[in-house]
Every structure is written in structure tokens, then in C-alpha cells.
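Down below are the structures I want you to see.
You will see chain A twice below: alongside chain B first, and alongside chain C after that.
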Partner chain A sequence: MTIQFNDETFRDDYTFFNSPVAIARFPFPFDKDDYMYSVNMEPHETGPEGTPFDVRFDVDEHYVSEMRDRAITLDEDPLRCQSLPHMELAGWDLLELIMVSKAADYPDLFTLNRDGDRWHWINKPLGIEQRFTFGDPTTLPYGPMEYITRQAQGDFAVLDQREDNLWMDAGMVTSQADWSLDFDIGMNFFEWHAPVPKAHEMGVFQRALKFLMHVNQDTPARRLNWTMTVNPRLDTSPENYHKWGPEKRTITPENVGQKQYLRVELQTFWRLPRSNALAFPIRCYLINLEDLTSVPKWGRRLHRVLRDLPDELADYKGFAVNRPVIVEYLSKFDDGAPTSAGIYPDETDVALNKVPARV
Partner chain B sequence: MTRVTFSPSILSRPVYAPLESHGAGPTIMLCDAEGAAAILDLAERDPAVMDYAHVIYIPSGSDYTVRMRALEARQYHEAPSYDAITARYRKALADATMGTRLYLAGTEGLIGKAAAEALAAGLPAQAIQAEHRGSIARRMQCVHCKGVTEDVTTDPFTCSHCGLTLFVRDHFSRRLGAFQGVCVDAETPGEVPERQEILP
Partner chain C sequence: MIAQMLRVTEKEALTPLVTRFRFEHPDGAPLPLFSGGAHVVVEMPYGDMLRRNAYSLISAPDDGSGYEIAVRREDNGRGGSRFMHGNVATGDLMAVTSPFNLFSLDLRARKHVLIAGGIGITPFLSQLHQLSRMQVPFELHYAARSREEAAGLTFLPSLPHIHLHISNEGNRMDLGAILSGQPLGTHVYTCGPEGLIAAVEDAARRHGWPAAALHSEAFLSPPPGKPFKVTLARSGQTLTVGPHQSLLEALEAARIDIPWSCRGGACGQCETAVTSCKGRIEHNDHWLSDDDCAAQTKIMPCVSRFEGQELIIDR
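Up next, the complex of A and B:
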């Protein structure tokens, strides 16, 4: 089955939508009825067929429109894509990883032909054809990291590993949950995580860093993170907070089902072969409460998670002001019945077998 | 009081400790205002540290000039402002050899800017020490327009570039040598909390 790409927007008139297929395969992040930070990491490329978990870099119906949104953001603010001088090799590593993966996982959409360092890349959904010399930046219209991440959904941080730490020395960040690459670039793992409440005290970051430093080329890993966003907006950056901030206060009991989104980040971790850097793609998935509650298990569970979430986390994630309205809305979908373990819908909900397998 | 005890904060916020002598060896010492007292204390603990020192002092109203001159550093320079010494300071950093150490003392603004400049020039972080003295004013970067406002003493404050009213975060970038300022009335334009003096 080929993917039908949506023509939609993530700003202004917000025409973004999820098809029934996108809803059924949504990466719901809660495997139980409560939530607290933990070192929630597992091997990547493992997961039921058709879900975002069984491919290296998931491509879905939002691909083309997300790339258009990224281009708009970059035109307005080129500092969303930065790479410190020593990171160029890692940029080539990342370009290779993404091209090779996309061409193998979606052969009907992407083609990569390689003849030594003479490469030929075809991206059908975006209508791009490029011949270039691998390793020679003058043969591409942008630096290697920018070139490939203008063609890959999700944000990307590229981390240099040295002095027993990871350093955020490059990135493409246009769909972030309220953090600034321009401010954080050059920081180490503990510095850029400094604003997160509780997790430092719990030892989460110390253990997570140890895990990450040992990720190698054969063991890519992943974790899910989440927050709440009003309107299907990708660019919830601090840079533009004064522009999207007022929208946060437009939630009412009448519109909350349609305007309030659960924002899920599928974060993966990749060791890069030449540079020994770590690539950290942060893929963002959005679903509004109306669509989410069409899966009864998810409606029940999200109600319980958000109702019981510690205040510090609701504050940090920025939805404390809207929490009462959200929880009230969701309570109508919670009959108190027990929920099954794991993140997937129950057989009796929408079934994953409605998700078409990739070909 | 020139010494300040800061309240515990998040991990990106720098912590300052008294300067510690590494003995005779090439050093750059840059201080402003009350920061001079930290250099004087250092020299008292270990006079040998001055033998190869290049001292730059920006008095900004403080009066340690007589005592600073008396330290007889290898090179001593007094300057009216940080801007005025930028070129000299950059040259000193460019001329630094493998073991050169940098001692910074004074306001967080001076320490932040000067450390960022040194890191950009390639000085390793371990070669830099900083001791805070004097004013607790902060150097703030506006996350919206990217302009830096110096000597911020209230929260919220007005960005000196774009005019937005910003609140003062503890999140600090060593690369920029600045804290982050974020629009305080982004969600409710016009609803600005009362200005308070910032606390250590």
C-alpha cells in the first residue's frame, strides 16, 4: 500500500488531521494508568508491523506537509538548524543512515544508488532528485545534516561524545516542545536537561547517560516522551512563545476535544559509524482528544494518567492551566473498568490489524 | 558584602568558588568591580601566582587600583569597560599557550561573557576558574529576539532590544555566557507581574 499524503497545515488555519489509519497506529505512550519519569529505554526496530516502531525512520501521511512546515520555520529563523564546525562528519553519517534506511524501508518512495562516493538520491514524495559526492559539501545545496533533515520528519539532535558525556553540538529543531537549540547548543547532557524537575534527583539522567554512551551501531534504542499541545502546532518553540502562547488560553469545555492534542515524541538513539557521534531523532506525533478517545482503552488510561500526574510535571509540561478542563472531558470516557497492560489498543478497540502492513 | 551565597539551583547554572592558585605559570586575570578583591585575596594566598600574570581590571566605580598596581603583575592594565578590552583580551587568549590559566572575578555578566569568549577561543573549560563578587545582576539573552541585556536586576525586566517583558530563568548557556529570558505575558498579553529585585 502506498501512503496517501495529507495536504494540511500546522499553523494559522491548522488543517492537520489524522486518518483512521493514523489513529490506529498512534504511538500511545502509556503502558499503565500512571506516569512518572523513568529510564524508559528499549531496543529500536521492534514492534508490531504497521506501527511506528518496526521501521528505522517512520514515514507517514504527514510527511510532505511536515517538511513544508519545517521549511517555513527555517525561512523565518535559520538558527533552528546549527552545527558546530567539528560536527560535519557526523552530518554525513546521519545523511547516510537516513538515506539507506528510507530507501530500504520504503523502496516505492525513496531510491539510493551508490557508486563509490558518487551517490544518486531520489525522494519521490518531495520531488527531489540529487546527484552528489558523499563527503563533499559543495555538491549539496545545504550542509549534509540540513540537507537530509529537511527530508526527514521529526527534530534531530546530534551529540558529540567526549569526556564521558554527550554534547549537543548540532541539530535541526523546528518541532520542539518548548526548548531552544540556539540556547542549548554546546551544552552537555546534564546542562540541557537542567530544567527538568524531579528526574535529576531520581538518578534518571545519570543512568540514562550511561546507557546512551554504550549504544553501538548494532543496538539502536528508543523511548517515548509526551506533553500536551493546544492546536496541532509543530513549532512550539520558546522563540515564538509570544506568538503561540495566547492560543493556550483558548481551551473551553466545548472545544477541548478538538483543540487539545496529546503530543508524543518517539525518540531514537543511533551510534554513527565514522564520527562516533550519537544521533537523536525526536519524532513528533499529534492526536486530539476526540480521536484519541475513539480507542476506549486510551481514553480511560489518559484520564487516569492526567488526573493523577504530579503538579510539578503538569507545570513543567505547560498544561497546568488547562488540566481541569482536560480531565473533566476525559472523565466521560472512563467507566472505571480495568485496562490491559501495554500501549496497544485492545482487540475489541480498534484493532491493530486495521493498520495496513507495509509492503 | 562582596561575597554572595547563591541559593541552590539547576545544573546548568554555574557555581562559583574562591580562586585557587596553580602557582607560578602563565595566567590571564580578568576582573571587574569587587572582583578585584578576589584577585587580591588570591595573591595574598600565593604571591607566586602573579609572576606570569596578565591582569586586566575594569574598576567600574570600585577602588582597588592602588592595591592592584602594587601586586606587580607581569602585565597590568586598567580599562573603562569590557568593550574597551575585548580586542586586548582576545589577543591574550589567542597568544595563550598550552598551560595558560584564566582567572575571572567579579559580576556574573563579566564572568559569563569572558568565559564564553575564552571557550570560543579554544581554552579548555578546566583551565578557567571564576569567583563571583559584588553585584548579582545577570546577563540575560532574550530567547525571542536573541539580544543580550546586561546588568539585569529585576524579574521581570524589559528586553533592551525588542522591548518584550521577560522573566528571568536560571537556565544558563556557557556558550552565550548568559541566562535565558522568556516573555512573561506570552499567554496573557498585558498581564505582567510586579517587578521584584532578583535574589541570589
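Up next, the complex of A and C:
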């Protein structure tokens, strides 16, 4: 079965929508009724079939429209994609990883034929066919990282590993939760995490760095992160804050269910073989409160998490101004019943096994 | 770290002490590629023990048809290298981990200067492939006692920027001369005995090199020593670490799951908290700070040992 790609927008008229299948497979990030930072890493590619976790790079119904949105953002601001000169080898590594994974995981959508360094890539959803020489950037319309990340959902940070640290030396960042590649480029792990409250004192970043520096080729890892976004906008960047920041003030008790989105990042971590760099894809999933609360367990739990979240976290994640309205809305979906452990819906909520694989 | 069974397809004596091994997938499947300076860990089962030793890859990083390593026989070591020389034959299957790199090239460098002493040539052999393919300027200095002992000679092309320093021919390495006059943005890498690494660091400091441009890898193997007892805080179990066993190996033999990468005191993965120490920890690692070592509150089980009345660790 092949994927029915949505024709939708992530700006202006915001026609983005989730189908029932997309709702059922949404990567809900809370495994219990409260939230605090932790190094919540686990091995990647180990999820139940049909979820975003069971393939290396998930392709879903938003693929074609997300790539169209990325192209618009890049047209307006080419600095969303940058690669310092020493990161070109890592770019080829990333291109190989994504092409090989997509062709293996979605053979009906992507094809890769390799004859030594002569490669032939077919991307059916985007109508792309490209013959090129692996390792020779003059045979591609863009550098290798930009070429492949214009065809892969989610943002990509490519981190150089040296001096016992990781360095943000390349990336494609157009669907970010209010951070800027142009600002962070060249920074190390502690520098780019400096704005995060509380986690430094907890030693979270020291532990996370040690973990990440030991991610090996055969042990990719993942974690989920989250924030709240008004309207289904991918490009919530500092550069365009003037466009989306004011939208936070449009939330009312009447429209909060439709306009307020939970934004989840599926972050994965990959050791790149030739360059020894670390690829850090940050895949964004959006769901509005109305759709989210259609899964009773998620409605109950999100209410408890947001109600009890420390103020500085609500501030940092940028939704403190709307928290009362959000919590009031969600309270209607919380009957006080206990919730089961883990992130997946209960069988009585949505039978996950009824989700057709990769529809 | 996941190991897969690979077949030994070639075994060749390079010198009386150093032997090259080639591993290939039994089905001919391609192996994961790697970056110059990476190592694999080879599992050696003998008797009721499982020894795991790390070896630098010497083959080309972009060649997935096989992995090659060069093993120097250490007659006073714990037996891993003697096992490789004496007990391993072509056709054998051995468990080999995927490559991991703790000694990678700094790809920002305008020029790379590689300094090898003895068997320390091994990580540079894969780096030479990478540097040649990337077409960046480099020079290699390889010091050995004699040509007979210089296992790396077979693999080194005759090029003006590859320099041999054979001490019994009176051609000793002059670190001051090597490190002075290098262009700005040069990085230097040293692999070999501790004395060589210290000498390069010292010479680099005197010539005003920035610390971030210096890289080194000491090929530590766990030193043998007197047996000692260790108590595990979580289970109360007490283990005896044998004279030719590391603490890490003793923990593994007791089926304690503990993360590791290099097994040579460099990567920090197996760092373990010490909850009680009545005696003296022999810190043999390059990971813990001087303060940590003095405090005796942490130990690196891969290489460090203990002498005294009581050692309790948080495992």
C-alpha cells in the first residue's frame, strides 16, 4: 500500500491536517503524567510496526508538502542551510545514509542503484531522478547535505566530533522550535544548549554528551522532545518571530482546540562512517489539541503534564501566555482516571495494530 | 557494542613480532565503512575466559570488502596477542565489533603531521588512505629501532613526505625540526609509546603550538598484576580479579553488564564509582583527572587495578 500525500500548507492559510492514521501513529512524547528533563535516550529503529519508530527515516502523509514548505523557506533565507568547509565528507555520509535507508524501507517510493561511485537515485513522490558521482559535488545541483535534506522531512544538524566535544558545523534547519542555525553554527554542545533552563544544574548535558560521543554506527539512538506551537507552522524560527510570535495572542477558549498544536521532535543520532561526524535529525510532528484528545489517554495525560509543569519550562518553551487557556481546555478531557505507562494509546483508545503499516 | 562473526582470510607475518590478519564476512557481504584511525575489538575465547582486545584498522576506510589489523606479539602481556599469533588460523571465525574511532583526523586542518613510534604506525595506515583520497597535505614520520622491526614498511609508499627514522641506522627523529616551520592550521597526531607522546607534547609546547592542534593515542593494554578482590555494592557479590585478567573482564565473567568502547583507558565509557577504598587504586588510564585519581572515588575497570584491604564499586 502506498502513502496518500496531503496537499496542505504550513503558513498563511494553514491547511495542514492529520488523517485518522496520522493521529493514531502520532509520537506522543509523555510516558507518564509529569515531565522533567532527562537523558531519555533509547535505541532507534525499535518501535512497533506502523509507528514513526520502526524505520530509520519515517516518511508520512506530510512529506511532499513539507518539502515544498522547506523550499519556500530556503528561497527567502538561504542561510537556513550551511555547511562549514570541513563537513563536506559528512554531507556525503548523510546522503548515503538517507538514500540507502529510504530505498530499503520504502522500495515503492525510492530507488537507489549504485555502480561503484556512479549512483542513480529516483524519488517518486517528488518526481526527482538524478545520476551523479558519489564524492563529486559538481555532479549534484546542491552540496550533498543540502541535496538530500531537501528530500527528507525534519531538520538536520551535522555535528563534528573533536576535542571531546560535538560542534554544530553543518545543518539544514527550516522547521525548528525557535533556534537558529545561523546563530549556532560553529558552536559546541554546551554553547548551543546554554539557553536551556535547569538542565545544566542537573548535569543532563554532561551525561548526554558522553552518551552521544559513543553512539556507534550500529547503535543509532533516539529521544523525543516537545514544545507547543500556535498554528501548524514548521518555520518557527527566531528570524521570522515577527510573523509567528504575534499569532500566540490569537488563542481564545473557543479556538484553542484547533489552533494550539503539540509539537513533538523525534530526535535521532547516527554515527557517520567516513567522517566520524554525528548526524542529528530533528523530525517535527504536529497535532492540535482537538485531534490529540481524541485519544483519551493522551488527553488525560497532557492535561496533567501541562498543568503541573514548572513555570520556567513553560516560559522557555514559549507557551506560558496561553497555558491557562490550554489547561482549562484539556481539563474537560481529564476525568481523573489512572493512565497506563508508556506513550502508546490504550487498546480501548485506538487499536494500534489496526494502523496499517505506513499508509 | 555489537560484534559479528567474521572469517580470518589472511594471516601474514610482517616481522618476527608483528602479524597481519584480514577478516571478511563469511558470506562475502560488505562490512561497514569507517574513518581513518578507527579500531575494532576482537573477541578471543580461550579456556573459560573471553578476552576482548582493541586493534586499529590498517586497511582502507572506504573498502568494505574486509578489515585488516596488525598485531604485535607481547610476550610479557596478558596473552591476547600470543593467542592471535599462536591460536588463530585462516578459516577461523572470530567475533569482531563494528569500527569505532577515538583517534580521528581533524578535518579542519590545513595540513596533517603524523608521528608514529613502532607499532603505533597502525592507526596511521588507514588515515593515509583517507588523506590520499581527500588530497590534503600531510607528512608522516615513522620511527622504529630497525628495518627488521618496522612492520609498517610494507604498507608505506615511497613518497617524499613519508619519512623513516630508523635508530640503528643513526637516523633518529628530530621533533623540534618536524614541529618548527609547519604552516598555520597544521594538526599533529602521535601514536606510540608514552615517552614519544610526551616528547611531542613537550616539543609542541616549546614551539607554541595550540593544544587543540595536538592529538594522540596511546595503545594501552590492560597491564597484568597481582590478583585482587572487589565487592559489588549493588549485589554484595565479591569477585577475584586474576593476575592476567582486567577488572572489566572479571565483571563480564560474572555477567555484570557494563558499557565499554576502547577497553584501553581512553574513552571513559566504563567509568565506575568507588564507594569504598581501603588501599590504593593503580590508575592506569588516560581518562580520569588527577583530582579524581587522588580522591580514589572512581576507577576505570578496563585497565586499572587495586592493592589493599577493601574495594567496593557501584556496580
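In this text, the second predicted complex is superposed on the first by the 357 of 359 C-alpha atoms of A that agree within 3 Å, B and C clash if a C-alpha of one lies under 4 Å from a C-alpha of the other, contacts with A are read in each partner's own complex, and residues count from 1 in each chain.
The working rule: contacts are C-beta pairs under 8 Å (C-beta built on N, C-alpha and C of every residue); 3 or more make two chains touch, one makes a residue touch a chain.
Worth saying up front: this structure is predicted, and the values here are computed from it rather than measured.
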Just to be sure I read the superposition right, which of the two partners does A:I185 touch: chain B = first, chain C = second, or both, or neither? first
Please indicate which partner A:E239 is in contact with in the superposed arrangement: first for chain B, second for chain C, both, or neither. first
A:H86 in the overlay: touching chain B, chain C, both, or neither? Say first, second, both or neither. second
Is A:Q217 touching the first partner chain B, the second partner chain C, both, or neither of them? second
Most chain A residues touched (candidates chain B, chain C): B
Overlap of chain B and chain C contacts on chain A, residues none
Quick one: in the complex, what on chain A touches chain B? 79, 180, 182-187, 190-195, 200, 238-242, 245-246, 248-249, 321
Seen from chain C, its contact residues with chain A in the complex are 1-2, 32-35, 38, 61-62, 98-101, 104, 106-108, 130, 134, 212, 259, 261, 267-269
Would you tell me which residues of chain B are touching chain A in their complex? 10-13, 141, 143-144, 146, 164, 169-171, 173-176, 180, 182-183, 186-189
In the complex, go through chain A and note every residue touching chain C. 84-87, 89, 160-163, 210, 214, 216-219, 273-276
